[in-house]
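The following pair of complexes shares a single chain, chain A, combined with chain B in the former and chain C in the latter.
Entry: the complex of A and B
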């Protein structure tokens, strides 16, 4: 088990190294990508600074709490984009051209190779920026260190990232049947749009049922809300437990679905 | 014990039939028509360790589909196969560690990086010992004559050089079974011969079992002792290359050299396929060779005569053509 984990970690390290070499070879493209991401966070912060100039709270979140939430979203989203997004995006093309053949021939877990073979270094700064923003927010709110909260934050942050990965894998797997899967990006955009706001905005006769659905049935709202809440607002053991259980179920379900999809792979003619 | 045993292997694809025009496209949104395409139909054969076997067949005959089922890339619709003692489509790591598939029309190396980096990554994936890796890489680069090219970006290599790198990538983990799907496609004659020589040399050194599909008869003649001919997904011949002529060549060629000018009415003996100066070639049904030859010798004055088989490529082309015509008629 430890040997296998070591092997995969080493492999991930090598894949990351090679993709960095490749990205740096096209440094213009790399620098533009990084600049766009930094600019995007800057615009987002400026927007919410303007909003908080008019109000003290937003859906019950104070300004530093909300910026912690934004930082957490940026870190989760950044991790997904850096590690998996490009790979999952390319999957439909691999299916269409039949180049998936080479990945399936390797004596290694197919899911690992399909979803982790490239690291998109251009979006990696988002993760760092997300953590910096979270750090600044904690200082601003005068947060007192609490080991339990930190541990639960780290656990639920990991769960949130895994849940996002599972949703992405489920969407990606559809490519095997759809062959052309440009809708993946649109569905992912919908997913990240739901995850990027506090769950309290889902209120009222229309909002509340949606909030329920996206918390308990399709648990997108737990991805950023639960770790942020656990760290800077109230610690709810029930929802933390739900997040952990949802993570385990989704990991199992998305893997089964991916394997089922591979069984239907037709391998485009050469 | 055979390294590959195949029994009744079948693959049927359900293919969407698009209707013509915009109206048809809209109709297709609600109601779709599908057609069953039988890519492989109940193929059975076995291959012993160390054999070099060719799959021959026209485009769409089912050669590549068979290779892909043997390598576990696609699931069969029916039938069974055992490759290296494993069921290929279960894709166990222990199975995938022991074979390699090279596809002439696709590449597995990273386009923007030197081939050496891809080799290093493969070392990690296959868990090859560093010492063994260096020894194998040195051996393969020497056989293929590409020692100086492993640090050059793959996109900057010629097609022939890239194919050699693909072969190295496939052989680094020392597979016991090598599946080659048109490995020399698009290469010039020099590069084709170089690849053939390397494969032959590697086979002699390591005794690896090879299955090859190719449209170039030269590849098949240079490498394979045994041939499986597949048409419409069915196996129609399994035996030595030379046996194809006996099995499918209904005709023989009678080569004649006349003393003086040949007569004009040679076509009464059979199909005249060549008529230049004193030389002529007549195609005659096998069963009639003795009788026709008897008449010619009786009626003509000859300087030389011989009876030969028609060229192998011609026989195979005829087999494929007849198969296609039967398919079109069906």
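Entry: the complex of A and C
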């Protein structure tokens, strides 16, 4: 068990180093990718600055609290994009061309190989930018250091990232049946739009039931909400527990689904 | 990595064809030369065929498309909820002249604007043809590149709009209460015109960006920056009226507002009378401006075109 874990950790480290070398061979491209992300964060900030010029609170979140949320979202999303997005996005093409055969033949776990093959260093600075934004908002709201909150934040932040990964894996697996799932990147963007806002906005006659569904049945809302809530608003042990349980269940479920998808893979045109 | 001599060999050929490609002469079609008066008909049929082939290509992967369209509504759900929270939080009925219903209607309508004005893959495609050298097929065949791409794109848009019609009709039906008044026929006509012009502004703007590929072989990076920025400055995320003053004035002077903001406010009846006419003329002017610019860059670009890749 430990040896297997060590092997995969070493493998991941080597893959990360290899992709970094590749990335640095095209430094200009890398810089452009980073500047697009900076631009995007700038747009998000401009958008919410405009909104908060018209209102003091948004669904009970003050401006600094909200920017902490935005920073948290940016960091989680950055982590997902850095580690998994590009790999999952390529999966449909591997299925369509039949090149997936080569990955299946290797003596390494298929899920690991399909989802962790490459590290997209271009989006890695997003994680840092997200943490900087979170730091700035903490200073702005005069946050008092609290070790328990930090610990729970880190735990739920990790859980949130894993939950996002599981959802991405579920979406990716669909391409085995759909063959062309070129728009995974877009689909992911659309799906993750649910995680982009505080769950308190899910109010009203149809908003509240949706909020319930996306918290308890398809727990995408907990991804950013729970860590940010634990850090800058109230600490709710119940929902923290739910997040941890959901992480375990989703990890198992998405892996099962992925393996089921692989069994349906017909290795076309090979 | 093309050997220099092959570039030298193809260059004069390109030069020779380039002069005739813009206005195809009867000799272009090789064998049976059509009489002069039948030429427009043949040209039309040629582009109609391109249209038909592209249309059936678009219809091949339907499940991909359907899931995509359904998921596309999710952000709309969160947008409605977000703005509901904004209006509740502000305690005001109207923000920058938009009440809550108008705001949601606006944010729904920008989807329609973007349906016409967004051109996924256009600039990148042009840049790739330049980089890989496949551009020369437009130089050796009696098809004008911009004309071909226009037919192709219109086909994609027709397929896309036809297939999205039902999901969008359902969406607008569910959200019908956000539309307080239905525009009068004249406004609708202006709306239709503004959408067609939005297509033209969007198309020729992206084509122009793609032509930059003649000078810089890698434009995808530039394109990413432009498209990301466009998302905000076209008014896709929020009405430009909400922005503080210097920015609002600047963005309303730029062509990008015509790709999302302008058609939506026309539908909502926020631009009326002579103001509407001036703005439509302005939109037309930008469309023509980018059309001319794209063609100009294309001609200038062909002079430096190296026909890489064999």
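The working rule: the second predicted complex is superposed on the first by the 268 of 270 C-alpha atoms of A that agree within 3 Å, B and C clash if a C-alpha of one lies under 4 Å from a C-alpha of the other, contacts with A are read in each partner's own complex, and residues count from 1 in each chain.
In this section, contacts are C-beta pairs under 8 Å (C-beta built on N, C-alpha and C of every residue); 3 or more make two chains touch, one makes a residue touch a chain.
In this text, all values refer to a predicted model and were calculated from it rather than measured experimentally.
For the composite obtained by superposing both complexes on chain A, the positions of chain B and chain C are free of clash and fit together. Looking at the shared chain after the overlay, A:265 reaches chain B, while chain C stays out of its contact range.
More residues of chain A are touched by C (comparison of chain B with chain C).
Of the two partner chains placed by superposition, only chain C is touched by A:46; chain B is not.
Of the two partner chains placed around the shared chain by superposition, chain C is the only one that A:57 touches, whereas chain B remains out of contact. Contacts of A:27 after superposition on the shared chain: neither chain B nor chain C is touched.
By the document's definition of touching, of the two partners only chain C reaches A:194; chain B does not. Rounded to the nearest 10, the superposed model shows the Cα centres of chain B and chain C diverging by 80 degrees about the centre of chain A.
Between chain B and chain C, the shortest distance over C-alpha atoms in the superposed arrangement works out to 6 Å. When the two complexes are laid over each other on chain A, chain A has no residue in contact with both chain B and chain C. Across the interface of their complex, chain A is touched by residues 13, 64, 68, 71-75, 91, 93-97, 100-101, 103-106, 108, 110, 112-113, 117, 120-121, 124-127, 181-182 of chain B. The touching residues of chain A, counted against chain C in their complex, run 28-29, 32-33, 35-36, 39-40, 43, 46-47, 50-51, 53-59, 174, 178-183, 186-187, 190-191, 193-194, 196-197, 200-204, 207, 210.
Looking at the complex, you find that chain C touches chain A at residues 61, 63-64, 67-68, 71-72, 74-75, 77-78, 81-82, 84-86, 88-92, 95-96, 218, 221-222, 224-225, 228-229, 231-232, 237-238, 242-244. Remark: chain A residues 7, 10-11, 14-15, 18, 21-22, 25, 97-99, 101-102, 104-108, 110, 263, 265-267, 269-270 touch chain B in the complex.
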